[in-house]
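Worksheet: the structure to be examined is printed underneath.
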Amino acid sequence: EGLNKIGKKATVVLREPSLGPVFGIKGGATGGGHSQVIPMEDINLHFTGDFSAIEKAHNLLSALIDNNIQSKTKSIGIDPRTVLWKRVMDMNDRSLRRIVVGLGGTGSGIPRETGFDITAASEVMAILCLSKDMKDLKERLGNIFIGFKMDRTPVYSRDLHAQGAMAALMKDAIKPNLVQTLEGNPAIIHGGPFANIAQGTNSVIATKLGMSLSEYVVTEAGFGADLGAEKFLDIKCQSAGIAPKAVVIVATVRALKYHGGAPLDDLKTENVDALKSGLENMDKHIENIQQFGIAPVVAINKFVSDSDAEHNAIKARCNELGVKCVISDVWGKGGEGAIELATEVVDAVENGGSTFTPIYDWASPVKDKIEAIAKKVYGASSVEYGTTAKRDLRRIAKLGLDHLPICIAKTQKSLSDNPKLLGRPRDFQITVREIEIAAGAGFLVPITGDIMRMPGLPGVPSANHIDISDDGLISGLF
Amino acid sequence: EGLNKIGKKATVVLREPSLGPVFGIKGGATGGGHSQVIPMEDINLHFTGDFSAIEKAHNLLSALIDNNIQSKTKSIGIDPRTVLWKRVMDMNDRSLRRIVVGLGGTGSGIPRETGFDITAASEVMAILCLSKDMKDLKERLGNIFIGFKMDRTPVYSRDLHAQGAMAALMKDAIKPNLVQTLEGNPAIIHGGPFANIAQGTNSVIATKLGMSLSEYVVTEAGFGADLGAEKFLDIKCQSAGIAPKAVVIVATVRALKYHGGAPLDDLKTENVDALKSGLENMDKHIENIQQFGIAPVVAINKFVSDSDAEHNAIKARCNELGVKCVISDVWGKGGEGAIELATEVVDAVENGGSTFTPIYDWASPVKDKIEAIAKKVYGASSVEYGTTAKRDLRRIAKLGLDHLPICIAKTQKSLSDNPKLLGRPRDFQITVREIEIAAGAGFLVPITGDIMRMPGLPGVPSANHIDISDDGLISGLF
Amino acid sequence: EGLNKIGKKATVVLREPSLGPVFGIKGGATGGGHSQVIPMEDINLHFTGDFSAIEKAHNLLSALIDNNIQSKTKSIGIDPRTVLWKRVMDMNDRSLRRIVVGLGGTGSGIPRETGFDITAASEVMAILCLSKDMKDLKERLGNIFIGFKMDRTPVYSRDLHAQGAMAALMKDAIKPNLVQTLEGNPAIIHGGPFANIAQGTNSVIATKLGMSLSEYVVTEAGFGADLGAEKFLDIKCQSAGIAPKAVVIVATVRALKYHGGAPLDDLKTENVDALKSGLENMDKHIENIQQFGIAPVVAINKFVSDSDAEHNAIKARCNELGVKCVISDVWGKGGEGAIELATEVVDAVENGGSTFTPIYDWASPVKDKIEAIAKKVYGASSVEYGTTAKRDLRRIAKLGLDHLPICIAKTQKSLSDNPKLLGRPRDFQITVREIEIAAGAGFLVPITGDIMRMPGLPGVPSANHIDISDDGLISGLF
Amino acid sequence: EGLNKIGKKATVVLREPSLGPVFGIKGGATGGGHSQVIPMEDINLHFTGDFSAIEKAHNLLSALIDNNIQSKTKSIGIDPRTVLWKRVMDMNDRSLRRIVVGLGGTGSGIPRETGFDITAASEVMAILCLSKDMKDLKERLGNIFIGFKMDRTPVYSRDLHAQGAMAALMKDAIKPNLVQTLEGNPAIIHGGPFANIAQGTNSVIATKLGMSLSEYVVTEAGFGADLGAEKFLDIKCQSAGIAPKAVVIVATVRALKYHGGAPLDDLKTENVDALKSGLENMDKHIENIQQFGIAPVVAINKFVSDSDAEHNAIKARCNELGVKCVISDVWGKGGEGAIELATEVVDAVENGGSTFTPIYDWASPVKDKIEAIAKKVYGASSVEYGTTAKRDLRRIAKLGLDHLPICIAKTQKSLSDNPKLLGRPRDFQITVREIEIAAGAGFLVPITGDIMRMPGLPGVPSANHIDISDDGLISGLF
């Protein structure tokens, strides 16, 4: 909003929130204080039904698969044990991770092992985000890889004639959603959250819509330069032919103190030592953006519990590194609080000399691409492949999909794949458990560490505290 | 619409369609020809998200249950094997009928057997339809019966503090949806389809809204006088304190010929003999409405393939029975085609002498209530209870829920529970497999014959033929 | 042994014990006091390996079935959902009753629902007991009905070439086991226990061996005239062409008092009233044997806790009914204690005028045969068939197996199928849950009430008390 | 037998065969030609019931575990998801590898994921083989590690009072079985096969019995120096305090040609080149034995298809290595054919200067012990641990079981864990999938590569060809 304050026509392009975390531990995704997107409740609860449309399109394909396996006369010979396409539900529901379906005798399908992912992790979500138009959407939906026939040949969504009906379900979902900020500036919300387990950037269509509407498009890519930014730059920008000119790294005092070893329940107390220890985490994010050939601007997202000493420590480090650093107070002051940041961003765009270079070439071998991200971006010393991952590599080669870009699923809590390694871990190994093939979206998903694509609820779920009064006022969403 | 044509202020109150049949074999639910509710595609595909809200509220409770079972510190001691609450999905997906969830080790929940029903069969849908307001909705959501603890005491949704969050998800779904007909008359669409496996009438809130808006409220209750009408009159009217004054029985030449033995692929050829044989099916529906103390009006829903001889045969039979019979041609002529019907309905309401009497008293024993419906309405000679149903009867008594009304799940293809018995079957037995306890909705659901609350797709699903053009035009929905 | 004492050359032919009850609640099967078959421990623990051989032959077929389903090149097209052949284990292990096998991906088989029965309930056990020789055994093993192919044609064991290897495994098991009683008389132990859930009589081969070795063959048929005797007479005698001349009904004071309403933990106290109430249970067993045209002899199996008044009450009732009644004290006195019984038996055989007539004709319809047993032998008023049982009846007709005799699985605790109905229940219904097809053994197994063919262990299993000392002495078997 | 021929009193101590391979692809385990142990059929089919006893003792514990989990009043709080104790069956039945048990509602147990291993892989088999006497057996049976309670404390077999009953079942199995060879020399058969997936050597009791009966005990340890010999020397010899003085490495021309690259269906043709290439495999086995400080003797097990040139090539290589090499023709000539071998063995024992040294010290860290075997014996360059294996290592440390010896499960087809790497593979990695904890047997079982502890049947199982004639002659066992 600062950009609009300084006279630049800007649009913010955001991602839609998932219901899963709303009832779990993360909270909503519309911001807080003076910097909200409204109507907050509707966006956090159902918004425009895009998630539902994606979920239904995804699960329609699942139903068509099991229906075809069950059919005696129309079966195309799918081996039920090889079906990789799961179902999705927008709910943190760990019990659905691994299930056996089709029990109950001849009338109720063929038994097989499968599971649910959270809707944000659906390949259909990624397809929506990466499609240029309806034609592209349908083609990508038809390219979804399902598994193998009994004769070992691959089966795609199009073999079940699924893409037409799936695309029809997404007739409205493909249109970006226009809302406004509290100060009346336009915001386009479209596409998927969860840069940890999914592609996690908003849609190509929305970004391009924003680009056509205004001089500056501000977008977001969650969970740090190792996840959101890397995927945004290596997958989406290359796929859509976009070359970003500036990247704002949002730093918070609390997160840096956490990375510096301060206990989780004591992050509001001043602790300059912990903060200084934690700065090496920021260093790595800055280094990562620089590796892409882009000049980063660090924005300290100010909280009321921050101390000046802490802010100064961050600024000092940025100074050392020759990186611009400003304080942004949109929570307290709205657009006014971001004028300095906006000025620096405009400067970076106009004079920063950014020459966007991706981390890897899509044409490299799969293992090289994974290694490039793991070593250059995460700082790992090596990559290890589990038994399943090795089988997946062979399968990818056999299917001729080696040229696809990489969309790693990794915990957002650490630069490594181990949520307990804080700060800037070194000399660690990234373990790839398995590699999902998203042939429709057009990328490969190495799944690292213990990350789960279907989260669980905590012992006391937030849902316990959410309520609605008799006249319709909702409480407990935050 | 005929009512508005003759100067009466009327509102039609309808039910929302399910996605399941759209991709399966039934087709949409918005009518055809000149008698459509618009925007047809949107209504058939996602409409306003009410179904999604119901589905999410339902599945949120499921996730909370499994999460509580899994929790070592917050567990309230639910015996996983007794949990009756399933999950729902708005999809014809037979493979989800019987599943095992929670596989995959300690991190992914406690294994247990469960399944999915179609969303329309969700108790949350029934609760939405029967709630008077948000307060009532929350209370009913809290009363949902889940299963038992290890110590054999019952567990309700409120024990998991689920009703607040569930109600919050239904903040908008509780509001009726106002659309219009092609001729511009108001139509309120709200609440649930599937009178075969669910309660299947639109919502109390919508009906009352309609009553407050206009002199006449025309509503619908699908699948004949044995299912929709019986449930509408015995459950909803008693629950909401409504006494309907007239009932229109919609007869189609094709359905009567089918019940008279004409082959399914030859229903468009004139066949007066088959039609006459099939009339006894209509007789029973007329008798059923008369049993409720209401004067029925028979409306022949005219199709272009009908012959005059066929229409005359129906009229002659109605004459014999002393029942009014008119031809309605809303498909061909819109509101004009229903003027005669509207006139007769107004006459029936004003002079028909209806004295609404339910088929059974809610206070009777459960088996008496089931028997009353089976014998008086379906024409069965006896009711048989399977092993599970007997256990359920004992459980209902133990929970003190004998006073609830009855919402039988039965095939819509026959007056009996055997889809192959056409016409007016006699001397047949109704077999009750099990009885679901919908303590929140406030009724019991005896499940009869082979009816499934999660349908399957046919060998060649309609989804194969649905497509969307590059510029967004959907084809294949009909 | 009494028979040998009075100079008749007699052989006792018994059944082998199952390990299941040894670790559960029933105790062994070798008798106690002075009337034991030795070596008791070896017989109760493993005996000669016949059970193991049966178990292995049974499970070999199971493995061959799943192996064939899994095979891409050798598959004969079995529909995995229709396979009725389970696995067996000689263990009370309720967790194996209903399982899903074949999980774990392509290498570990095709998932399907199945289960384990206890070994004694194996059709292979029944085949062993009913076979005349190795040729007959192999033919019966080949006739085992497994399920259906995808094209709905039936699959038999011989279609998998299983019978040769199965029979080879039973090379020794087919030979009867000769042991001796404490007094040195020969005893042949061969074939299966559990007349409640299985055929439950010893083998035809053993009985015929006994008949060739001595003048009198004394055999046993457990669990009363409703189960063991009915099956022995209707199935085995007809199958083997044997016409028994006398039947000894063994009465115990304790059991009669239990049937008369005395509490289970107070059966050792004198209670003539309870005993008199319980006598109607004995009446029915006497009536049952008389229905077969055989003169019964009642033997009171004397326990030290019995009182004379109690013995006299039994004798008085037998007198009224014109039935011989003697006291047998083999526990206290060995063969001496059975001299009177032996004399009466010899008398009954030589002068009793028995004209053996079965209860039903094998050629009658299946439902008539079941009804004959339920009404004439159990005293039921009617028979009800569950959904699965009805499907099984249609399947039996389709397979042309209506001519087979009937081997009902029913609780041994009551003449009815409800273990709580003691004494001589009247006006009760027998509920047939399902009907297993034992095409190899050559009978049909209607499963009634809640009886399970795989028992469970009690809360404190006997296994807890069984121990073996360092020098090999076993304790806790009784 | 050669030893007896040259006047030494010798006993052969062998292992019992499993039924699994008899019906699968391996053939029996009693030898062929003039060098058989008799009665061959009985040994291959059921022998003395030891396998059955082990199987039953194993499965009794399984039933006690599930029974305790199910019990509401006697439960000791086992977390069903942590139970590592599976069931066993002596059958190649891949469908039982991964199963879900306890389905079917409250009466049939608590659902959980588990599986079956083949009986030879049972820890009870290993316990039998390593126990010194009944007291030791019971103690080991009580030490079996089962899993964890809900409060994370470990559960052992003794917590369920299972060891007494389990030991009672093994009353006879603990006694070695004495049979004789065709030439009348004694043979003791006792304990377990399958040195690939199990400990795989005969029992300590049998070996000691043999040692007390004769001057020389000849035993066997299958599947080459990498599996059987390593386990025999590192586990059994250390556990029992035995120091072997000579090791005969049995070489066959066919196996060496196979390792040298000759096609599997052409091993009977002379192919000296292939044989020479394959000799490096023999080199490694010789080197392995030498690493244990024992002088090996190579015995060429002569087949009729062998050529002199081939024999000479083997002899030449042994000469180079300074290792004794003799031809043994027991198949063709019985004991006569082994006189030369016996002479050399006696020489090695008396003059060989063997000083037995194990490969690793039991007190070393687990990973060091595994690495010692992998690098020194298999020739691997490194060891990799999967996610599950890493969890197992942490668990072993927590349980204080780091001091146990190692019993690796590895394919017998290669020195590596990849069955396709023939000859003497170098620069390969051993992958440890998981590590089973055999706390009762007293060792840890790292499971490597793709090895399965429950084999499957081939497309055409041998069982298809096994038959028994009407008079009891078995065919098709070989």
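For this structure, a couple of remarks:
Chains here go by letter, A, B, C and D, matching the order in which they are written, and residues are numbered from 1 within each.
The rule is simple: a contact is a pair of C-beta atoms (placed from the backbone, for glycine too) under 8 Å apart; a residue touches a chain by one contact, two chains touch by 3 or more.
Bear in mind the structure is a predicted one, so any value in this text is a computation, not a measurement.
By number of C-beta pairs in contact, A-B leads over the other of A-B and A-D.
Each chain's centre was taken as the mean of its CA atoms, and the one lying most distant from chain C is A. Between the CA-based centres of chain A and chain C the separation comes to 64 Å, rounded to the whole angstrom. Averaging C-alpha coordinates per chain places the centre of chain A 40 Å away from that of chain B.
Chain centres here are Cα means. That of chain A falls 50 Å from that of chain D. With touch defined as above, residues shared between interfaces to two or more other chains in chain B number as follows: 100, 102-104, 110, 112-113. Across the interface of their complex, chain A is touched by residues 19, 23, 41-42, 45-46, 49, 52-53, 56, 59-60, 62-64, 66-67, 70-71, 73-74, 89-104, 107-110, 112-113, 115, 133-135, 138, 160-162, 164-165, 167-169, 171-172, 452, 456-457, 459-461, 463-472, 474, 476-477 of chain B. The residues of chain D lying in touch with chain B in their complex are 72, 79-82, 100, 102-106, 110-113, 150. On the side of chain A, the complex with chain D involves touching residues 100, 384, 386-387, 431, 433, 450.
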